[in-house]
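Each structure below is given as structure tokens.
Heads up, the next two complexes both have subunit A, just with different partners, subunit B and then subunit C.
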Partner chain A sequence: MTWADIKKKLSWLSYLATEAYNAPYRGAVARAKRDEDDLFMLLIFSEMMGVPNPATYYTLELQPIMLERFHEWHKRAGMEHSPLDGFRCC
Partner chain B sequence: MPAIVPALIGITLVALGYFFYSKFIAEKIYQLDPDYETPAHALRDDIDFIPTNRVVLWGHHFTAVAGAAPIIGPAIAVIWGWLPAFIWVIGGTMFFAGVHDFGAIWASVRNEGRSIGSLTGDVVSHRARTLFMIVIFFLLMMVNAVFAVAISNAFVATPSSVIPAWTAIAVAVVIGVLIYKMGVPILWPTIIGTIILYVVIYVGDQVPVSLPETVMGLGAGPQWIIILFIYATIASLLPVWLLLQPRDYINGIQLIIGLGLLFGAVFVANPDIVAPMFNTDVPDGTPPLVPLLFVTIACGALSGFHGLVSSGTTSKQLNKETDARFVGYLGSSGEGLLALVTILAVSAGFASLGEWQTTYAEFGMTGIPTFVEGGSQIVSDGTPLSKEFAATLLAVMAVLFAGTTMDAGVRLQRYIIQEWGTIYKIPVLQNGYIATFAAVAACLALAFGAGGRSGQGGMAIWPLFGTTNQLLAGLTLLVLSVMLVKLKRRYVFTMVPMVFVTGMSFLAAIFQLWDLFNKGSYVLMGIDFVIIILAIFVILESGAAFTREKRAADAS
Partner chain C sequence: MDRIFDRRIVFVGGKGGVGKTTSAGALALMAAESGRSTLIVSTDPAHSLGDVFDKRIGNQETSLAPNLSGLEIDPEAEAEQHIETVKMSMKSLVAPKMYREIDRQLDLARHSPGTMEAALLERMADLMADARSRFDLLIFDTAPSGHTIRLLSLPEVLGAWSDGMLGHRDRSRKLGDLLEVFGRDHSREDEFGMIGGSKEKPDDSRDGRIRDILLTRRRKFHRARELLTDPAVTAFLLVINAERLPILESMKTLDLLKKFNIPVTGMIVNRLLPPDADGEFLRERRLQENEYRAEIDQTFAELRRVYLHLLPHDVHGVETLREIGRKIVQQLGDVSGAV
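So, the complex of A and B:
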């Protein structure tokens, strides 16, 4: 058995293990991740909703980065359009 | 008789079932189509719906359905002799469980990957759907109570398993953090985690832990039950990735190692079966074989719970419709083999008939400890491992299975209670913590009501759990039969198992009502009463739906 064969076997094993680990909980983990992201989103836009956030100076920088996900987030939260005045989305 | 004989016959029959019977069912009855676009492709979202390699999917399906139940059931049922249990496990796997699990996947794949519960509403009726939800609620409640009692029995009987079983939880949490938070590739944590686990099994063997005999009037067993429910409460509130996911994974590895070890040892040591083939001299108070055998062994022969897994997650990941046969039928075959090896362990793992009879002195008092006792003897005879080490290993394996089912059960129970809170507009119940406490309180009351308080209750609740499980299987088979009638195909292959299990469950429930009344277990009697009512409704609903659809199909 060459080194390449061993490597191939290991990568197959690793694939099996990864799938065995992830497959049953893919949905649950994705939802958990999304909930965490939503909380983060809330922190970033909290000042606009009147919730004081001492770190606004820093989180302001993140707003453009989060913009793409903002649309999905407000849709998911049950709001047809952006809930923030002066911050249009769609 | 040498244990190798039933082992070989069992494996051969299950293999024949896969190669011939499941092929027939796949081609003629379910008529699987390799070109059909499965939900994994049609509704692909890479989260719930994702086409998966069939070997991987089989592994995931098998480890999800195989747990402590196919160990406990046969360990109790061998009291009637090993042959009846053997026939029901092998026959049930071949003709009942395989068709049921495989069918549940097929039904779900043909209906956008929906769960059997939600399908029942469309295919049968809304009443049947409500019935389905109630049966599931009862099943979950009993699962938690029964497994808490089973684990506490195992901890008391095998004190060396205490440290490894709890360490496994810590190992799981570390693996969970490494993989989810740090993105470490999975292979190394798996290998190192498994090694740690086996080293700790050795440590546990040297340092057994026993709880004090009584604390505030509670024996060691009930103390464990309380500790386990505290654990389940906390565990069910933790994020899935932190504990549940890595623990399931570790259990899967344990299952494969344990199964390999046991079958390997049976073939090497080839012990003699000391238990009688038919036990003509059953202890006083043992219920009759018919109908109780068919509810005592549920998982391992036929289990409604599998339908939930088949239609809940497996069907959403099926790459080709024809894979359903491989995944579903072989998944239940794997569980049948776990039940088979348990039968061999509890009937060939004892030195003499006398020793076996001492162990099986009363119905319902055997379970995980019996499996551990018999299994460890066989493993130590067939491998270089010591009996003590093998006992700890098997006990840890069974405890981990039961523990995972328990915290998953509490979690599901919480979701149901929260949903009720939403439906009936009771805001208090919508709170996760309150819903969890309500779920745990109900299960705890049941565990203690079942005789856990004195620590003497044994597994009195087990047959009730099996009865509920079989009712659920009956409902799934009903959905399959009605679907087949609508498609104008032969329905006898799902109909006969349906009539059989529903009938047996009903008879078993009636018998237990009388038995529990005599024993004065009024909590269990109340539950049994509800089960009887549910069984009557399942039978009526089945009859009505069936005649209705048959007439409609004949008329068109």
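So, the complex of A and C:
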């Protein structure tokens, strides 16, 4: 085993240790971000769910951008198809 | 800074039927004839600006007199255009079989309450921002009070809304940045190529687009609000008749405008009985009118007031408007330029 090989092994171990520490946090932060994004998306589609929105006219232009996200969301929420009558993405 | 024509934006408002359009038209004509390039904009969905000037106007700037252009905003056409744009960008993202769904959904949005107002406000904000480079003076002939108040309060409401939405985006972005910290170590990635490749890459283009749209909105609303509340830029003129209901409504309007910090500068008391009109009936009316006039002078003491008499004929055409305009300008002590 050369010195370079040992160095490589050590750095691999160091990586594993870092990951073991980081991974749970990464998961928590990713979930928090996803929740934040879901909330934002629901605000954009709020009017369709019967929540009055002072700015429907302006949320409208954000809807196309959120379309994909909306699809991910209802899949994740366990609904195979869009739960909104007037709004079907798939 | 006391002269009304030195402002950049003048709103003329009041209860329905008190003579807003005539007053606004007369003022606009005077401003134009004093050498200021002027644009008069009607925001009332039931336009009558064209009738007063005896010209067809419509949804584009039309020349009414030398130095003077007119515009009747058509909120329906504005909303239509906005919604068409949204439809197009949505259709570029979904399968063609969804097109009908999108059309149906967005056609509903067009008729949802608030859409027309938002479209109207949008156009007004654009005009306020951009007409300043093309015109010296922008005069808004507004719809009856309630509608206008709501319209003028919208920039505040929508400003707060876009602030809130941007707050959500910021939080999401911060979490995204944090994720990056916990994510893979890029120096190692170079060494091993594929280690820790599980990290989701944030969709920068989408986040960026959302931010851009929201920021543009916020900038527009805040700018409109800034202009509206700056007494050096904006003046609001209330038109009133010496009758009970217009007085009551104007009191409410004045309170609300103050609440939103919109500077109200003057009042036009319109349609007073001419002093030479005679007969028993008119004598009675005049007695009543004098009472209301006293009430107006007391209630609105803080505003500069202009008194105009009822004319024996309808107002249409530049001649009559000029006649009225001269009276207004004289009383405002605003005789500047070639009047």
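Here, the second predicted complex is superposed on the first by the 66 of 90 C-alpha atoms of A that agree within 3 Å, B and C clash if a C-alpha of one lies under 4 Å from a C-alpha of the other, contacts with A are read in each partner's own complex, and residues count from 1 in each chain.
Heads up, the rule we're going with is that a residue touches a chain if its C-beta (ideal position, glycine included) is under 8 Å from a C-beta of that chain, and two chains touch if they have at least 3 such contacts.
Treat the numbers as computed from the prediction; the structure is a model and nothing was measured.
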item	value
First, second, both or neither for A:Glu80, with subunit B first and subunit C second	neither
Subunit B versus subunit C as contact partner of A:Tyr25, first or second or both or neither	both
Contacts of A:Asp37 with subunit B and subunit C, given as first, second, both or neither	second
Partner chain in contact with A:Glu47 - subunit B first, subunit C second, else both or neither	second
Partner chain in contact with A:Leu67 - subunit B first, subunit C second, else both or neither	second
More subunit A residues in contact - subunit B or subunit C	C
First, second, both or neither for A:Leu10, with subunit B first and subunit C second	first
Where subunit A meets both subunit C and subunit B, residue numbers	18-19, 23, 25-26, 29-30, 32
Contact set on subunit A toward subunit B in their complex	10, 13-14, 16-21, 23-30, 32
In the complex with subunit C, residue positions of subunit A that touch it	11-12, 15, 18-19, 22-23, 25-26, 29-30, 32-33, 36-37, 39-40, 43, 47-48, 54-58, 60-69, 86-89
Subunit C residues touching subunit A - in the complex, by the definition given at the top	79, 82-83, 85-86, 89-90, 92-94, 98, 101, 104-106, 108-109, 112, 114-115, 118-119, 122, 157-158, 161-162, 165, 168-169, 171-172, 175-176, 178-179, 182-183, 185, 188, 191-192, 195-196, 199-200, 206, 209-210, 213-214, 217
Subunit A partner contacts - residues on subunit B that touch it in the complex	47-48, 50, 52-53, 55-57, 59-60, 63-64, 179-180, 185-187, 190, 239-241, 244-246, 248-249, 252, 313, 317
